[in-house]
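Next up is a structure, given as structure tokens.
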Amino acid sequence: MSSCFNKGIDISIFGESHGKAIGVVIGNLPAGENIDIDRICEFMQRRASKKDGTSTTRSEKDIPEVISGLYGGKTTGTPLCAMILNTDHKSVDYGNISHIARPAHADYTGFLRYNGANDPRGGGHFSGRLTAPLCFAGAVCGQILENRGITTGAHIERIKDVCDDKFDPINVSAEQLNAVKSGFPVLSTDAEDKMREIINDARLNSDSLGGIVECAAVGFPAGIGSPMMDGLENIISQLVFSIPAVKGIEFGNGFSCADIFGSENNDEFYIENGKILTKTNNHGGILGGISSGMPIIFRVAFKPTPSISRPQNSVDFKGMTETELVIKGRHDPCVVPRAVPCVEAAMNIALLSALIDDPTI
Amino acid sequence: MSSCFNKGIDISIFGESHGKAIGVVIGNLPAGENIDIDRICEFMQRRASKKDGTSTTRSEKDIPEVISGLYGGKTTGTPLCAMILNTDHKSVDYGNISHIARPAHADYTGFLRYNGANDPRGGGHFSGRLTAPLCFAGAVCGQILENRGITTGAHIERIKDVCDDKFDPINVSAEQLNAVKSGFPVLSTDAEDKMREIINDARLNSDSLGGIVECAAVGFPAGIGSPMMDGLENIISQLVFSIPAVKGIEFGNGFSCADIFGSENNDEFYIENGKILTKTNNHGGILGGISSGMPIIFRVAFKPTPSISRPQNSVDFKGMTETELVIKGRHDPCVVPRAVPCVEAAMNIALLSALIDDPTI
Amino acid sequence: MSSCFNKGIDISIFGESHGKAIGVVIGNLPAGENIDIDRICEFMQRRASKKDGTSTTRSEKDIPEVISGLYGGKTTGTPLCAMILNTDHKSVDYGNISHIARPAHADYTGFLRYNGANDPRGGGHFSGRLTAPLCFAGAVCGQILENRGITTGAHIERIKDVCDDKFDPINVSAEQLNAVKSGFPVLSTDAEDKMREIINDARLNSDSLGGIVECAAVGFPAGIGSPMMDGLENIISQLVFSIPAVKGIEFGNGFSCADIFGSENNDEFYIENGKILTKTNNHGGILGGISSGMPIIFRVAFKPTPSISRPQNSVDFKGMTETELVIKGRHDPCVVPRAVPCVEAAMNIALLSALIDDPTI
Amino acid sequence: MSSCFNKGIDISIFGESHGKAIGVVIGNLPAGENIDIDRICEFMQRRASKKDGTSTTRSEKDIPEVISGLYGGKTTGTPLCAMILNTDHKSVDYGNISHIARPAHADYTGFLRYNGANDPRGGGHFSGRLTAPLCFAGAVCGQILENRGITTGAHIERIKDVCDDKFDPINVSAEQLNAVKSGFPVLSTDAEDKMREIINDARLNSDSLGGIVECAAVGFPAGIGSPMMDGLENIISQLVFSIPAVKGIEFGNGFSCADIFGSENNDEFYIENGKILTKTNNHGGILGGISSGMPIIFRVAFKPTPSISRPQNSVDFKGMTETELVIKGRHDPCVVPRAVPCVEAAMNIALLSALIDDPTI
């Protein structure tokens, strides 16, 4: 059931890094929703590699072709399929390492899982390229959320010791969430410069970096979600961990809630203009798996790009011998800037699913 | 679909804190597995409240009654249902606050989600008591894992600034994982004393604490899991967030992977005694959603118990008025010691599900 | 995933014929629905054995105990669990045949499926007794449908060559559907007398009978359902085949549509009082998996009760020897009268699920 | 969740009759299975229209393009996506009827279900064309079944009063099931001639016909399937009703089991060459939802093609007026010959899913 998500809406992602194409089928979408393809392409361009030294030089246009599910500019309600052709892959780059496990990659585990039959070129179905159809689905869901006054956004909170500003957990606004969608995805220009610098340094040093992405939603109605297995945290997590290189997720004040007393952590309720709010937002907009009406906030940890150019010790898992590995090919020195829209996409899918899953009849 | 988990095995949890009983139905278990009910009860006693000042004085025996699915001491393969009677609830404790939102609780969000029809007594279906059937299911799954040489365990890694030792991510052993199942769930006696002290201090101060739980599995075979939506991280997360008060989860070195370079984070492979291993285990035993054969390691953040005895500002969400709230009733000053087996249970369910979900035929 | 249904609402059925109890967990119900337990018991009594020679003399009270999910007479929206104790089982009746395959029963196939570990007493989880929790779930769903002006009902259409009247596919009314819920479930008194007679004859002759059940719904809104995998026919079928002894299902004019031309089979549309109707109802109220607003009609075939008292040739599937079998115990000479509410229950669950599954937000 | 099937394997079907393409994503397939694309194309050609007067003159090549999931001629185990271009559609044919409900079609119900936003051209996602990707998926699953010695097949059992021979429920062979895959899908040449004749007569008379398809599987191992919701009958039915125009399904002796006594219907077991068999096969190879090792047999009823050229009374469901309708375009006078591989495909998907779903670990 690996590449399907079936809660509220259905997402089925397919494709391999060096196959003909990658794509996604999105089922159970509400019918009659206006979808602006240009804006979807803009969303996907945020994920595309840049020619600024922060990402791979593999240059995929990532123009999605809609195969079904749109008619007259609106969702039909029947499955929406989009495909993205693979055009700039160079499988030859990978020829020499097909049975040598690249450290921190899924070469070895994938080989075991699929009895050696999986497509190893460029990571196959494990490739970060599969986040392109995820972004497509997230962009579609995002527009349907927007139609209901819900805005989501994300930025790089930190790369190594370079920190961006944080979203204000109380006052983060739709404007701010939209503003960070252009250019390098940070709130502070100063942070951008420093992040670009350390990423470039890592690249020049044949090394790589990870980082933290912060994501938020405003305008999401209170009372959506469920306790236990299908709470907002549960389904957001399930989707976020579909992005390669994610190693952790935390909601609201997250791991730092362990540092304070209940009297500090509890968010007191109050009423303003006839609306129930909380004075602080340590809970990140979710209580008991259900939205409280406060901004939904979470953070996601990404490990450094596994592919680095310097020699590494490894094993040939077919020949069962130890060997030294030098990874060629083109790689992102830091995936985090390109991961920002992926996290936002995962959130969009989760939030729309929760809205649709509400059993009110 | 809120209280069901349907991957590999099916878990359906039911009940409310102050109803007749709580329980669980477990479907799709392998047939013919020996199940030792005494050991299940021992597992559940780890979750039970203690008379040592660290937990609530509500005293539930939590003796599970197996209704179906066991015959002659073995799983039948058809649904295994167990019920746990509620015996020591005092609904009167909650009479005065039924429409006043307890901060950091799900009273308000649950009221919205269920149009005011949910059972509010003691948190109803949102209560931490629902982790008792989760533990039952986890104990059953744990025994089936043990039958295959797989051992899991968990301990408190930290409460506020008191840290326990950590599991060695390379050398953590089944013995160590089993040893921490008796008594206060820490590796270091020194940590136990200090943790008990700060918990007791919080209790005396009408306050509460959260903390971090670390969980590990050894003996889990390499090659189990999947990329994208149903990877081990995805399904462990989905299950762990079913435990109330969880605010974050991280695998391997988790959020700290953002602090180091790829050359530091990558776990190099080597071969020992004909087995492929990694020299470090920053990946926490999971690559591409699939087990690597190294110990599986993750950490879970718990917020401080929301129920504290001191007055708090809040609102009556039915009357739409602001009010002061004083929570009576009996509560855990820190849920973390009792949460340890819950996290272990969630992991057991996830790992067995992944084993069963493998499509090899 | 065997005993769970997860479309719109979640149904998880558990228990064995001779275990402590059988029961059901119903998840994702709309919250705040009035449920009348007395009427549920009435529904279940329609399934209970009668002391009139048409059914087994095993006498189970089948009084459901609600464990969770109801509060103040209304659904809470969280899982509704009900249990039914087994009180009148006599396992000793089955002692001598535990490895001898009763013809047309699941003894042999169940033994293979569960590697010999399933509970063989009285058929275990394969028993027709498991339709009691199905009826409970169907009765709950039926009340929620009624709250929306939807009425369902069923009757015996035929047993061997004795035919009841049929529902008028155009004019069948809520009154008629409700009237057939009392007494022997047929429309014609004459049919009742003849059916009782042939059932009694079969019983006296140590033999058994099957038959056809016809089921209908009126008041179900047009436009509910979906094409392809989750159409109304698909989910009604999936649920109906959960009833033991069902061998076929047909919608509208069903198999007889093969006897006529398209010009005869097509139901022409017309408008009456501002409502779109069809002049005939060969389509049984479903087109493209979606309700048309016409009465939903389908028929279900039941095979004769497998358990008959006369000697039969069979095999000991453990000892792999041929043997003669004489089934003792108490059995229904014809399950069809008791199966009528089961079919209605399956329909109720399917229709409510389709209503809830509608993705409109 | 309409166009997904998620039991054992995942099937997600997309596309509209007059859109760019139709296709399918197949997930959770076992890895490393040899797939012969030529034989898949042969399978799909059995569904293609013929130039012999029995089917529409719309001529689609139906050449599937595999996008992902095959590498080196074998399944990778990751999602297998195939697309089929729409090339010969003439949307103009449908221009005049877009809001006039074609009798027995889903125009009106689809309009309601999707709030008027669905693609109406040629039936959109409701079109019989969507059985092309179903056949693709069924052909893939069929080859994987063949790799395990399992053979399936189907033929037309009856069109109006013209009957073909039936499969012998005991002795039907793989050879016979394969032989009927060439040419007109009947066992008897005499039946072919008569069927062609009445189909041609119906066509010349601007009318249409339905019929009955019989399907069988041999070599399927005993002990596969489950009681209650996911039995073989349940999942075969769920899949078969995804084929437009299906109105009924029956297993084994089906509806005729209502005509005989239990002593006649019960299939007695015996042992031959160390294997347990039944002397008769009224049960159609399935007992308690689980395979018995005997041939699996079922029959499916198809209604006459709804599209007929003669004038019909209908309504404009947007304008809410009554009108006369004359359907232009190209249509099958009888869908049954082309439906035969579709039923076989549905069975193949169901059987492989049941094999994969087995929880043995």
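Per-chain numbering from 1; labels A, B, C and D assigned in written order.
We take it that contacts are C-beta pairs under 8 Å (C-beta built on N, C-alpha and C of every residue); 3 or more make two chains touch, one makes a residue touch a chain.
Owing to the predicted nature of the structure, the values given are computational and were not obtained by experimental measurement.
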Subject >> If a chain touches chain C and chain D alike, it appears here >> reply: A, B
Subject >> Of A-C and A-D, pair with higher C-beta contact tally >> reply: A-D
Subject >> Between chain A and chain D, centroid-to-centroid distance (C-alpha), Å >> reply: 39
**OP:** Report, in whole Å, the distance between the mean C-alpha point of chain A and the mean C-alpha point of chain B.
**Re:** 26
Original post:
How big is the gap, in whole Å, between where the Cα atoms of chain A centre and where those of chain C centre?
Top reply: 45
Original post:
Hey, what residues on chain A touch two or more of the other chains?
Top reply: 1-4, 13, 28, 77-78, 113, 115, 125, 227, 360
Original post:
In their complex, what parts of chain A are in touch with chain B?
Top reply: 1-5, 7, 11, 13, 101, 103-106, 108-110, 112-113, 115, 125-126, 130, 158-161, 202, 206-212, 222-231, 233-235, 237-239, 241-242, 244, 246-255, 257-271, 274, 276, 278-279, 282-284, 286-292, 301-308, 310, 312-315, 317, 320-322, 357, 360
Original post:
Okay, in this complex, where on chain A does chain D touch?
Top reply: 1-4, 6, 10, 12-16, 19-23, 25, 27-28, 31-32, 65-69, 71-72, 74-81, 83, 113-119, 124-125
Subject >> In the complex with chain A, residue positions of chain C that touch it >> reply: 8-9, 28-30, 77-78, 148, 227, 355-356, 358-361
